[in-house]
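The structures come next, written out as structure tokens.
In what follows, chain A forms one complex with chain B and a second complex with chain C.
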Partner chain A sequence: MPFPNVRLSNRPLHFIYLCDCSGSMAAQGKMQALNQAIRQSLPGMAEVAEQNPEARVLVRAVRFADGAAWHLAEPTPVQELQWRDLEAGGITAMGEALSLVAHALQSPPMEDRALPPVLVLISDGQPTDDFDAGLSRLMREPWAQKAVRLAIAMGHDADLEVLQQFIGPEPAGGGKSPRRPLQASNATTLAQYIQWASTAVVGAASMPASRIAQSDENGSNIPLPDLPPTLLDPTDDVGPLVW
Partner chain B sequence: MVSRAWGSGTSCSVIGAAHRRQGKPCQDASLSCQLGSGAQQLQLLAVSDGHGGSRYWLSEVGSAQACLAAQAAVEEALRGHPLSNREQWLRQLQLELPEAIQQRWLEAVHRDWQERPDSETTPFSSSVYGCTLGLVLMAPQWWGCTGIGDWDLVGISSPGEASLLSEESLQGGAAEATTSLCQADVLGAWRERAQLHGLGDGPAPLGLLLSTDGIRKSCATDADFLQLCSQLMELESGTPLEQALMEITAQGSGDDVSVAMVQRSGQHSGQRTGQHSSSSLGLGRLGPVALALGIAAAGAGGWWWLQQRRPAPSPIEREVAQLCGAPERINASLSQRREQFLQLLRQPQAGKALLQEPERDPLGALIAGSMGGSASLQACLPLKQALDAHWQTARKTPVTTPPSPQVPARP
Partner chain C sequence: MPASTSNGLLPVGSSLSFAGLEQPLQILRALGGGTQGQVYAVASGTEELALKWYLPSCIARDPRLRQRLQQSIRLGPPNGDFLWPMALLEPSEQSRPLIRAQEPGFGYLMPLRPAGYQGAHLHAGGRLEISLQNVLRACFFLADAFHELHLKGLCYKDISLGNLFLRSSDGSILICDNDNVEVDGQSTGASAGSVLGTPGFMAPEVLLGASKPSASSDQFSLAVLLFRLLTRHDPFRGRMELSIRCLDEPARRRLYGEDALFIFDPADPRNRPDPEEHPAALLTWPIYPAALQGLFVQCFGAGLREPPLRPLTGQWKQVLSRCLDQRHTCMHCGEELFHDGPCWSCGQTNPPPLQLQLPHGRVAASAGNQLHRHHFDPHLGETLQQPIASLVSHPSDASILGLRNLSHSSWHGQLRNGQPITVEPGKTCNIAALQQLNTEAGPITTLRG
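Entry: the complex of A and B
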């Protein structure tokens, strides 16, 4: 060891799911699809983590329904993660979930040298509590401002406006963009989006690359990878619309 | 002969472990040189960090040019301003050097752009060359610094005791963000980093270490970072320093890492004194681009420091040492070169190109050299086994796409 008393360390990359577990998620197999999509994405996520040893990918999850609570409270190395199924029931305390995450993103416990966290908000409905207060609380935290914030709308009842507020300013022009809510209308699309967020985005967030302060960068804190090609191709069959 | 107040400086840039694995170039550059003569003699240390990422795809050229621009601008200032006039030099550090460096850098990267085929179809943008720049000047009676971006300057007050003398302070929400040499309206950011201290004004540092952000981000805490700086200062320059930086990036951030450092006269380790001549330019491992820029540096008044007193390990030997030193990373490194294994099977002649210029892509050259089996390779068993396993997997993979011209993984 050439550097006695010096702790060299790779950089933690916190990946946090915020999952809507309201009663409507029980309908049409949405909850089951979400559990399955997350579970199936884990091997790919672990592979990406293995390929980027300079980042230590740590996963957590928040569930929100009548209230918000940590479903997976400990930052867990993705390689060790065993996904425990979420269950649906209740209303949509999304604002409380954002406050919960805000607390976790305080520094400390967040490490000074962490990579920008990745926050993935998944919802099929509208917040039933004070979303604005939760978002405001979240965005007061520097680590939340630094985070890559993604949102997945499950079905057409999801409140795209609040999901967009969570992500940040909408990019100019039309078309699909990671800077807009990703709309999953069936289990196949949901699985593709979850897979994309947990592999391509994690891979991009793991890379040691700087960016110019106050530059546009398409509004993102890291250069976001393209969405999977099949999702951009309107002619591609990604399954029937079921939600 | 350097200023009597200061010993000889040294600088070193090493490609990041992540960039090495992915076949990307080192986007850091660093410089240590002596400028002027007689009473008008000072030393310059500089480090520059190209932003990396696809948007800043020429930042390795930008960082090299930043160091050269700093050298040329300081040389010019030295001709017009006596070192004894500290007020003038503080103004230089706050205002005039930033303007001069930025102007020279813009001209240099614009010239570089005009020589590229892309310039015929794409308008020039300095942002693709984006980089940071930190510089320290050491005069007989004072030292000063200025720069832009997320470089750090550490002062060593006594053996083992270090403190942070300068760091970038950005408001929350920065996220890997930094100010950049390619930004037009950031002279205020330079001014914030400008300092000038007389050596007789109070306790002066015994050593100064300038580093790019990859070093600090490799440490668990700032206390570890300061401790690391103290220990780096004690290292013999050349291969030991380079190997230390390789270890730092491999165990830490994976980012490119650079240091430029100097000690006050009488504070040197015995090994370092006398080993340095008056100029060294560390440009990572940029291959022909670096060579061309290095020649430009020589033309501008600097000259290459040939530091190796004993045969240095080859790029492949260094690669082997790095991988065998961190065997848990072997598979991660080789897995990202799956396509390269396949391409080498399709185009065996490409392996010769890699082996002829191993410094351009050491890992690629190592892979090419193991194509016939790892038995003859001087390497640890886990690396040999992993190489053989990857070749075996590649040979079982059906060919599904036509050959693409990407085998030399570096441009």
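Entry: the complex of A and C
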């Protein structure tokens, strides 16, 4: 006889993309690159979700341009998700996007018990609306305070300062850190970062992975995994190349 | 090309030569990757093996990695259930430019996981069809594997669902990620970069930073893993979890460390499973006999704060094998039962099963059960390999139960009516008529209630 078919206990893990769809994203294929990166990351994300029986990974997405709107409004199990392309056009209502997410993180509609949400903000420019109001609206929500907040800067015109404000206090010392904006200057790096956020970070926020003894634990509520190596990308900061 | 292959460390499809290896390895395909490195299927001549290659960041962070691997390779695998390191590999001069990292680093060869083994998380997630008997067999094999590892003076440090593969057809196991293995007690002092364990499986003293991983923290993690396999639930997630809104790192420290309380603690019911939120634990726990439940109570009760009180691997082996010995099926609903109480599934009572009395144990006469050497000789450790006999149903009438001779010598005995009987190797005799059999290992007697 098979092992009894028991109902397992698990908690939802809300994963929300906040995607910049301003007109500048139409340049140099950035919008297409983002759509591709997210679509390519889904099988890996579904695999991580399957390895974590304690988590129900649910994905949503907000698009922001002239205004902000849910692109994928229904929290969708990653295994069932089919990514619909985002389209570029308009300005950068990032503050409104943060307010929209703030509403979604209120309880209700948020469940009483969950895993820390993961918010991934992707932008190539500067907010054109009241970013501060949106951010303070978001950070009033306890679930937003508990969330793992990541930001990906596409290209060199992204406003790193507002992205850092979204993430939280900048870590001490220099170098790359998941608690700084991740700078994706080409499609390959973007895909690596999206894949990292949707697999390694989802894994860390749901069922934790093996823990390594570290001297510099940063006191956050979710230890973040190492960033993916991006040595193939010559524009990335790999330290001095010649000396 | 998806990012997962374009950022691979090793060039799939090419041949790489390594210092000290006679022939180059063909890099066949990427099998997976993590924060430590990437694993590839490789061919050495006609033999397929697995190669784990480390990321430079992992090597930099873990200065003792190379030394641990060399030691494990020298000592050899504790038994066949480990995908154990076979050789440490460093690229030859010609191979260095082909490795996509600033420092070429190193990796190790290990056996390739054969088909048919699936990640244990699939079972924990309810997506593996496996019998209770085979789950218990897997638990026995786990206890046995870590028994052998500890007997070699080693500790594993990171026992968890993520490092275990199961074969649902017979409960056999494979343990991977053996690169944290170290001589027990050596991970004191400066050990930054080495593994502490997986949250949810870590012993409280390791989780709270008071101790380094050791054989006694392994015993705790092993008990958590056994509990997860046997119940599809977590030993510490009961009602106390319901007051935690966001299950993050500080919450886990309380749940598994500072305030840890076993959900079935006999003296303290505050953390009992909630019928709505934790039905799996409530359904599965009564399946198991008191002796097995008792080891969990001991490990997660007194043993929680006092490592010397944790059950030893040998105790798990003994209790798990006796649990398997008493397996029988409910005549009302057909579920597998492991003790005499009412059926855990339908609630009805069953007559006690016919028992086979052996010099060192009793085995319920139920199709699928096996007789082993340790049932005859108290000096032999429990093993499920190479059974002497197995209980089988008659091929055309399942209600007839037989005992098949799996040994290499003939058995002689007598039936209940006094008539003598001989059972040649490979033959099966009807239990219903049997009184006693003499085997090379010792006598088998049927006990009727």
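Everything below uses one rule, namely that the second predicted complex is superposed on the first by the 209 of 243 C-alpha atoms of A that agree within 3 Å, B and C clash if a C-alpha of one lies under 4 Å from a C-alpha of the other, contacts with A are read in each partner's own complex, and residues count from 1 in each chain.
Assume contacts are C-beta pairs under 8 Å (C-beta built on N, C-alpha and C of every residue); 3 or more make two chains touch, one makes a residue touch a chain.
Since this is a predicted model, take the numbers as computed values, not measurements.
Once the two complexes are overlaid on the shared chain, A:52 sits against chain B and chain C alike.
The larger set of touched chain A residues comes from C, when the choice is between chain B and chain C.
After overlaying the two complexes on the shared chain, residue contacts for A:80 are found with neither chain B nor chain C. In the superposition on chain A, contact of A:210 is made with both chain B and chain C. Within the superposed three-chain model, A:161 lies out of touch with both chain B and chain C [touch as defined at top].
Contacts of A:132 after superposition: neither chain B nor chain C is touched. Once the two complexes are overlaid on the shared chain, A:116 sits against chain B and chain C alike.
Legend: residue contacts after superposition of the two complexes on their common chain; A:226 is shown touching chain C, with no touch to chain B.
Once the two complexes are overlaid on chain A, the chain A residues touched by chain B in the first and by chain C in the second are 2-9, 11, 50-54, 112-113, 115-116, 142, 146, 207-215, 221-223. Those residues of chain A lying in contact with chain B across their complex are 2-11, 50-55, 112-113, 115-116, 142, 145-147, 207-215, 217, 221-223. Interface of chain C with chain A (complex): residues 2-4, 6-7, 34-35, 55-57, 61-62, 100-102, 119, 121-132, 135, 158, 160, 162, 177, 180, 191-200, 202, 232-234, 237, 241-242, 244-250, 252, 277-280, 283-284, 287, 329, 334-336, 345. On chain B, the positions that touch chain A within their shared complex are 16-18, 49, 51-56, 127, 130, 132, 150, 170, 172-180, 182-183, 213-214, 216-222, 224, 227-228, 231, 244, 247-248, 251-256, 328-329, 331-332, 335-336.
Put simply, chain A touches chain C in their complex at residues 1-9, 11, 37, 40, 44, 50-54, 112-116, 142-143, 146, 188, 191-192, 195, 200, 207-215, 220-223, 225-226, 228-232, 238.
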